[in-house]
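Presented sequentially are two complexes of chain A, the first with chain B as partner and the second with chain C.
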Partner chain A sequence: MTTAVAFRKVSRHYGPVRAVDAVNLEVAEGEFFAMLGPSGSGKTTCLRLIAGFEKPTAGEIEIFGKPSATVPPYRRPVNTVFQDYALFPHLNVRDNVAYGLMIAGMGKAERHAAADAALEMVAMPGYAERKPSALSGGQRQRVALARALVNKPKVLLLDEPLGALDLKLREQMQVELKGLQRQLGITFVFVTHDQGEALSMADRVAVFSEGRIQQVGRPEDIYDRPETPFVADFVGSSNVLPPEMVARLTGRKAHASLRPEAVHLQSEGGLEARVTGQAFLGAVTRLTLDVAGTPLSALLQKGQPVPATGDSVRIGWDEDALHLMERGNG
Partner chain B sequence: MADTAHSGTPARPGPMGRMSDLLWRRPGLLILLLILPPALWLGVIYLGALFALLAQSFFSIDPFSGLISYELTLSTYGELFRASNMDIILRTVAMAASVTAAAAIIGFPVAYYAARYARGRWKALFYLGVMLPLWSSYLVKVYSWKLILAKEGILSWLFETLHLTWLLEAYLSLPVVGGNSLSVSWTGTFLVFLYVWLPFMILPIQAALERVPRSMLEASGDLGARPAQTFRHVLLPLALPGVVAGSIFTFSLTLGDYIIPQIVGTSARMIGQAVYQFQGTAGNIPLAAAFAVVPILIMGVYLYVARRMGAFDAL
Partner chain C sequence: MHSERASLGLKIAAAAGLLFMHLPILLIFAYAFTTEDKSYQWPPPGLTLKWFGVTWARPDVWEALSLSLRVAAISTVIALILGTLCAAAVARTRFFGREAISLLVILPIALPGIITGISLRSAFNLADIPFSFWTIVLGHATFCVVVVYNNAVARFRRTSGSLVEASMDLGANAFQTFRYVILPNISTALLAGGMLAFALSFDEVIVTTFTAGQQQTLPIWMLEELVRPRQRPVTNVVAMVVVLVTFLPILGAYYLTRGTDTVAGQGK
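Presenting the complex of A and B:
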């Protein structure tokens, strides 16, 4: 499999701030790759490094095997969907989409036909004559997508493209983006702070924290077998058990993650816990518990009795639900 | 009063309190009070004066008595088309156009730097540098330029020191732009105009460029445009309203000015000087008025053309 984008010990420092710190990364061709992390974790800087808007302080980025240090953004085989969409306000939708082709020297009739086809692909036919200011956020997002895809990039970079959309639209676009990526076979590099988005769309996910990659892997691996407490906590708000407690339970001293949905109430055995609160989430109810000073949360399926705050309960979990994280604090 | 029973707190005492309550209930009244004085000033005094001027231009002067004949006629406007008067108009428009073009060319990079790169202290320094000339008297600036450009002035001394006097001489011997010295040439007039109006070009361009998000330029580059292409297809169209706003200042200020060409320049007159002389020494108020209408018409045409060419599309 060809490597589309490779980071080799790439750092980007702003004065004393290490936005990206010695990152190694390989994105395969045709892959839907998500960079996940909280704001300020370095994921967007990584995307900007691929696009060429930023230069690495150290290290090398290769795009399809070619070192990119001296390649300006306008010569890179990548296109970006910007967080604020960055549509040109003085051009109508068709000319926005055809911009890259116009720059490449394509004739007017030809590039307009290509732009209209791209608008059709993102389900926006009939909007070609409008100005971006006359579109809704979701429509702008589609135009921005068409404007990038019409150039047939080898890698499409998406910087939190769904961040400004409301929930329903976001879920719809997640499905469409995934379908589009399958259909076109283009490598997608997708930046998001929404773990649900990353897990549901990506083939592989890189979890970022403080300029470093905490873990790279398939969504199931990241979710079920987090390697660091940060990943366990950030991806799906897993319970992180302290080493002392894990030592008492298993005899091995390490952090461990425990999925809230794996925790269940039982009448005897297990651990004693005190209920500190409940939150109704629709299909499930989240119970917050206190186990000898360690906070823990459990998800109760609808229909189960919900204990009151202050109640004493006994909890247990399936044997394999407890996942030890030998890598420590990352 | 009686309706205190309805509200939680009693009505505020005194006329001021009642006034506040009234304005709160009728926000339209507050806007009216705020807008009335400037509207009166602008509407009656400014527009009224302009209208009086316009009306004057449709009168004519009796060639024998020298008295104004208050009959509506277009003959005064006809006089504008006499060769000597046409010269004045064309000369002024050419000067205004070249000053505007030069100000845009010089002003754009300055404004671009200030909008995109200058931060904190450098930005303050930029504003100071651009605004500082506006703080000193206009006359002082013009006279100091006369000293710079005069035959025995700073500039000719500089050329002499650099052993380049021959270059200055060669330039001054050119037709139209040359003259006896820079201070009595069109070049001198041009330089002073350029200096005095430049801030009026830089500031609107800078304001327009500030509103262009960085991602817009990155997007253009991302889509394959070289920096020159980004400038031509994205930055310039988005900055154009600012350039047009600036050019309205430089163009109209040059069209109407009568002091700079009088102090620095040739004896050939510009529109402002013609107006000044016709309404003063010559006592030909109608012709002065007709001359004064010319810049207004030119600006109207200019704005119309700018709009048709899409200069305001990005607004």
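Presenting the complex of A and C:
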């Protein structure tokens, strides 16, 4: 398997701020790779480093085995779908999509045909003559996608492309993007702060926090076996139990993650907990609990009786639900 | 939007204000046709077109007009180049002293022209630069740059920075990005700024009196003519031409910059 993008101890500092701090990373060719993290975690800077808009302060980035330090953005075999789409307002949709081909010197008829084909691929035929200002957010997003893909990049970089869309459209685009990536076989590097998006679309996910990668792995691994308390908390809001409590429960002193859906109420045994609140979420109800000073949440399936705030309940979980994390954050 | 109607008093006041501003200009036009050439007498004793012929035949008018047009054209070109570069630097990048530069560039238009004029004149004297066509151009360029800069910087700020990155990302080098993305997006602002700069330069008197040698630009020629009562309506004919030459570009600038309030390249 070829490595499409490799980071070798890459850092990007802005004065004292370490936006990206000694990151090592390998993205395989043809992979759908997600960079997940809260804002300011360095994921977008990593994307901009691949595109060439930023230069690493230290370390090296290789794109298909070639060091990229001296390669300007316009000579890199990558294309970007920008967060604000960055469509050229003075050009119509067709000329926007054909821009890269025009720069590459392709003839007018040929590049217009290619642009129309790309628009068809993103389900936007018939919009070629319009100006970007006459399109909705979702339509602009598709045009931005077509404009990048028409150049047949080896790596497509997507910077929170679904962030501005409403929920329904976002879910639809998630499915379409995934399908497009399978069909074209292009490496996608996708930046998002939405863990659901990352988990549902990506082959592998890198979780970022404060300029560092906390964990890289398949979505199942990230979700079920978080390696750090940050990952457990950020990916799916898992309960993170403090080492003292884990020591009492298991005899080993380490942070542990406990999925809220694994916690259930029981009539006897287990731990005693006090109910501090409930939130109705549709299919489930989230109970917030207090276990000897440690806050914990549990998800109750619809139909189960919901205890009132202040009630004393007993909780338990399946033995393998508690996942010990030997590493701290960072 | 307001739906209430203006009261009659307000309408009359508005009309009176507009008349006060524009009637005197019509008066200038009327005197261009008068038969009386020693003093401005109202109403004109008779109407004639002969002053247009007289003006046409006066070489000093042509010299002044040609000088003014050349000065305005070259000042505008200088302003377009320097103003755009400066606006790009201030709007696009962060550097030490950015705010100071932004203020210093705008200063010449805020300073009274007479101060700009005196300071330029003493500077030229100190540096032993003889007064010429180019000293006039330099004087005018000081405030023409501001006009272009102001227009360009506003447009740069409203143009999303990611457009440049998108262009680079799609394979365009710096020159191609300027040619295909930046220029089309700022062209109307430049045209508007250039036209305003041209109009400002064309009717400038104060700075010019300090930076010109023996040469007369059109406004200075007119000032001299008013002092010397000889074929007075010629001045009025020239005034009509000046109004037209100044008014048309300003009208053009107004139309070109209308309806560009939305931020270019914003996707949401």
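Here is the rule we use: the second predicted complex is superposed on the first by the 330 of 330 C-alpha atoms of A that agree within 3 Å, B and C clash if a C-alpha of one lies under 4 Å from a C-alpha of the other, contacts with A are read in each partner's own complex, and residues count from 1 in each chain.
Rule of thumb we're sticking to: a residue touches a chain if its C-beta (ideal position, glycine included) is under 8 Å from a C-beta of that chain, and two chains touch if they have at least 3 such contacts.
This structure is a prediction, so every number in the text was calculated from the model and none was measured.
Annotation: superposed three-chain arrangement on chain A; chain B versus chain C shows a clash. Between chain B and chain C, it is C that contacts the larger number of residues in chain A.
By the touch criterion stated above, A:164 is placed in contact with chain C alone, chain B being left untouched. Residue contacts after overlaying the shared chain place A:99 against chain B and chain C alike.
Judged by the touch definition given at the top, the superposed model places A:133 against chain C, while chain B stays out of reach. Within the superposed three-chain model, A:306 lies out of touch with both chain B and chain C [touch as defined at top].
In the superposition on chain A, A:117 makes contact with neither chain B nor chain C. Put simply, chain A uses residues 51-53, 72-75, 78-80, 82-84, 86-90, 99-100, 102-104, 147-148, 151 to touch chain B in one complex and chain C in the other. On the side of chain A, the complex with chain C involves touching residues 51-53, 72-75, 78-80, 82-90, 99-100, 102-104, 132-133, 137, 140-141, 144, 147-148, 151, 164.
The touching residues of chain C, counted against chain A in their complex, run 160, 162-163, 165-173, 176, 180-181, 184-185, 262, 264-268. By the touch rule above, chain A contacts chain B in their complex via residues 51-53, 72-75, 78-80, 82-84, 86-90, 99-100, 102-104, 147-148, 151. Residues of chain B touching chain A in their complex: 213, 215-216, 218-226, 229, 233-234, 237-238, 310, 313-314.
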